[in-house]
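Next come two complexes, and both contain chain A; in the first it sits with chain B, in the second with chain C.
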Partner chain A sequence: MTTLFDQLTARGRVALGLFALALLAVPFFADGYLISVITLVLWFAYVGQAWNVMMGFAGQLSLGHSLYVGLGAYASAALFVHFGVGPWAGVWLGMLAATLAGAIIGTLGFRFAIRGVHFALLTIAFAEFTRIAFDHIGWLGGSGGFFLPVGDAAGANPFDLRGSPALFYYVILALTFGALALCRRLLHSRIGYFWLAIREDQEAAQAVGIDVFRAKLIAVMISAAMTSLGGVFYAFFYNNLFPEQIFSVGRSIELILAPVIGGIGTLFGPIFGAFILTPLAELVTWGVESAGLDMPGIKQIFYGLALVAIVVYRPEGVWPWVARHLRLVHQPGDQPSHRAGDRP
Partner chain B sequence: MAKDAGTNGPTGLGPMGSGLTRRDFGKATLAVGAAAAVFGNAPAFAQDKVLKVGVLLPRSGFLAQPGQACQRGADIAQTLLPQLGFPIEILGADTESNPDVARSRTEKLIQDGAQVIVGAFDSGQTTAAAQVCEQRGVPLVVNIASAPQLTEQGYRTIFRNFPTSSALVGNGLALMKDLFAATGKTPKSAVFLHANDTFGQANKAALDKLFPTLSMPFAAPEAISYDPKAQDLAVEVAKARATGAELVIVTTRANDAIMIVREMVKQRFEPMAVVSPGSPGMYDEQFYKVLGKYSDYCITNLPWYDPKSALAQQVGKTFKEKFPSDRYEGYAFNIGFTFEAILVAADAFKRAGTGDPAVLLDALRQTNLSEKIMFGGPIQFDEKGQNNAIASACVQNFKLRPTVVLPKASAEADPVFPMPGWQKRA
Partner chain C sequence: MMLTIEGLDLLYGDAQALDDVSLDVPEGAVTAIIGANGAGKTSLIRTVSGILRPARGSIRFEGREIAGLPSHTVCDLGIGQVAEGRQVFPTMTVRENLEMGAVIPRARERAKANLERMLVLFPRLGERLRQAAGTLSGGEQQMLAIGRCLMGEPRVILFDEPSLGLAPAVVQELFRIIKRLRDEGMTIVLVEQNVAASLHLAATAHVLEQGRIVLSGTGPELLDNPKVQEAYLGL
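Right, the complex of A and B next:
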């Protein structure tokens, strides 16, 4: 775990420790509403972290990540409903399906040198035609939706992911911290350095002998597998899946907002971004209601304006700015060993 | 208005439901009061005078139009129900047409004191709300959502006063036979045009399943699906015309319904009728405004308000007072079911005498409401929380107005079948 903290200052480590403790304690002091909101925050932090592997680390833009959420969700839910296989066993099928889909997209895109927005369009296309396909798979409910049986709301069965909101809260908290640790480890591995080199200059990376195709493909596959795990959680948390919702482009955009706002390519950015976005939405709702404005849609206008302001004034993301100003991380120069592009 | 024995009505004049008399209820209240006095702490719910109803609707986002129409039902309920002796306070929440938001808004409504949740128009959002309600033990009365699984998943706190998609189609097809019998004309063939979305696919599945069991006078119709976002349906209508079908069955929303009829006029496709077994579209304001005289004679068989029901007339009157520039008929479907859902909750509260969720749940299970707005028998819920007594009406457009033509007892006019040709309309 030391590598997770080595770029944090003492103040940063204390802040992270307090933050982790506060998150662990949430179910002991928070009401159902707050637990529900923070569960949603952590889910977006988790899937944002997964997307960040592909875009933030390897520089490959995906606007179709809902594909992997959907594949993970449907695979585990189908195994559970049709064969009684628990989600932690079913997750492997979901990850396999998502990894395969990622490998196909990556192979197509990278083999034929499809880059940038064109690669992003390819990811959207796959998510869209998968949505249309799932609309017609009767075994999975088709467009009428796929429903999981209701679990014991008061109990706690972590093996079948059935139980109280607190159970789901701790599961997604563990996934979020697990993803953070995994990403930190990946970033400091050989493949992580390859990704950073590719992100900064693909031709230069190729010139120094990096197998660009392979490195980018690995990024896509890891990102897809991680995202599909988020899909498994989604399926058992909501108990219903509709292709139009889970594979939608809108869902893909929602997934990437947290890392974009928090800071693309940073480790804490997706988490910080998620903790800005969902509470901001709730805050705007509260503000609109408190002001007595009964105008449907006005919340989205304020929310959109707030996002525009963040993107305009902090284009690199909010986390790097906060970390710098609060001295939560070592500044360049504090530690000469810091590598270019290695953003905490 | 008919009052069946053992049913209770919103005016509070009918006997209490499920055999509970006022005297029994008084005794029960006294017993609770005595128990409270003995144990020192009167339960907080014993003092409830007003039921706090959390109304969860998609008032923005892609479902904003029907969501806002439903909201009008809630606004009317807030005005009318207290006058009828049902004290309620409505707490509103917008789901933004998003299940994630639906879930957190349900939590917030309960946090703010909602003792019952009503909503949420769409099956995905309703399931998200149902999860929270189940966890918190708070009743959820569904206004509109047709996925059969909602009441099949094992929720103990859900009550749906809306037909499932299969009941919707089944009732719609059965009414077609009534229409043929009433007019003495029967088509020999049919074609089915449907949107390829959640609702359209669910309707097609229901039609495929039910058709063989209903002894319809024509063979199973050929199905032609289309993208609901398509800008032109010329090819699909041409294909339908080429089948030579005498009856066009459709599952639409407003936009595609307009495109289909427009193309039929253009291509001079003159079937005996265009009939929808339960989908929206052909009774929407937009349909009348865009198509004018061509919107007339189209038929929709759907759950509808009974124009002869006293309560429906009261709701219509309140609508006119609150929204004088709008037509009641254009909103009646969404208003009717939302109002009834709130009425169901308010009625249970009145009988229970408390907003305590556990007691309210019991009262909801014993619901037996005969004074209502929509067609069908008294509102009662089976062990899964489904009301199976909702009937459909045959609604035909006359002079740009949806008009009940069947069942005969509530008909405002006689059905016209076959419909006059497109070029023969004044």
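Right, the complex of A and C next:
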């Protein structure tokens, strides 16, 4: 429970505060490239946290979260392009669509007791056939792509989410910390305990009278809604949407890397994971390029190796290990230890 | 009757786990279910508690039909269970485990008072409130599972193999607790491999074989029954 609830020590609180301050200051000293890299890092930190609600908190593996990214992105972009509705209004439609999709997948999966790998396959299937469907929706550009008018990169129009890289940076920073606050709240709420119970022992959770179906469905819906918000950001940041890219299985995998590497089920794991992974991947790409080598896909190979290393050496993720060693969280030893003598 | 089960059939695909099971559970007494592994004892418990859905038949609890209701509803009506294999939540503390027992609406408001009651009933749990449940000994985990069940203020407790894998001294303590619950008026359904001990406690008992009830009687009657003696008591 200690690592799960991330009970921060005084030292941990200071570290978190400094980290937040440093992030707030980034646009004042960083160049455009660095800002764009950290924006990407924060995006993965954000959607990683969203995925973590479903997998890390409620124990339900989704390998199709690109579905919710895509629904949020297309819903808000369509409202903006076709009806001139800004993203902060469009985001509600995106969240509604994603939440509905999550509810359908969750209902199918949990009602028919589809568990584990089979449930994950169901999530992939939904993302895949949505991708194929969007390839054929002419109103949304089909497979040729859907484009948002590029805004004035020097200005700042937060209401339409048009403006400078710094604006986007602060928006995703706010989303990341907002998600952290929400996740913390969820974990300490009644539903957070229900999820933990289900994750530890679903049958015991049933035995104590937890409505397991409902609790799992809520996790999927919250996770989907949060993820779709990441999709809205994606649409307005990149200004172009291709079903091939946004709904791809590759994206689904990419966005679970940060929480897997940082630590599934922990509060800071997804953020920590994103901050290790994306910069390292950028570094590897840069290194390969500056060595004059042409190696397309080197980033994916790096991601694969990182994943293998984590699964083999730190299956619980890097964050719990770092937090323990730097004493950022309270140690399990703070609690009275078990007296081994009275085992039967 | 507290519980009345009639003509219960349970299917796992083509396999029939329960075949026309009928039995009554009188109030304030122990009803023992005995039988070999795979006879359908656990299936019966899980069907009554709403985890499995019967293909046919009726389960009435205090006159109300509960067959096919979801498990959380059944639990909230007052049917508690102590499942096989001491299903505690291992990384939660002892206190959190006990609190999880009181999440159902029927018991939520009195969780605090009930927690105090559990600490009197199981003093050893009181010493370990802040400890992770997974670090408890097998016997302590079983006590915790019982305490967690009692936190839900059940009217009936379904015990599924509570003595499985426990040391003999702990088994004795366990049966003392079950006896004490009975003496306080709790209605108990006891599925046990420890046939002699459970028949001694039971007012009525039923022998399950391949999903069918083949023999019923009072506890003493079954203790004296030569078939039971041969098959389950090793006499």
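Quick note on the criterion: the second predicted complex is superposed on the first by the 304 of 344 C-alpha atoms of A that agree within 3 Å, B and C clash if a C-alpha of one lies under 4 Å from a C-alpha of the other, contacts with A are read in each partner's own complex, and residues count from 1 in each chain.
We take it that a contact is a pair of C-beta atoms (placed from the backbone, for glycine too) under 8 Å apart; a residue touches a chain by one contact, two chains touch by 3 or more.
What you see is a predicted model, and the numbers here were worked out from it, not measured in a lab.
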item	value
Contacts of A:P149 with chain B and chain C, given as first, second, both or neither	first
Which superposed partner A:R190 touches (first chain B, second chain C, both, neither)	second
First (chain B), second (chain C), both or neither touched by A:E128	neither
Which of chain B and chain C A:D160 touches, first, second, both or neither	neither
First, second, both or neither for A:Q300, with chain B first and chain C second	first
Partner chain in contact with A:I210 - chain B first, chain C second, else both or neither	second
First (chain B), second (chain C), both or neither touched by A:G32	first
For the chain A and chain B complex, residues of the former touching the latter	31-33, 36-37, 40, 135-136, 138, 142-145, 147-150, 153-154, 164-165, 237-240, 242, 244-245, 281-282, 294, 296-297, 299-300
Complex contact set, residues of chain C against chain A	49, 51, 70-72, 75-76, 81-83, 87-93, 96, 99-101, 103-104, 128, 130-132, 135-139, 148-149, 152, 166-167, 169-170
Residue numbers on chain B that touch chain A, as the complex places them	59-60, 64, 67-68, 92, 94, 96, 99-101, 103-104, 107-108, 110-111, 123-124, 127-128, 131-132, 134-136, 147, 149, 152-155, 165, 196-198, 200-202, 205
Touching residues (chain side chain A, partner chain C) in the complex	1, 4, 190, 193-194, 196-197, 200-201, 203-204, 206-213, 335-336, 338, 342-344
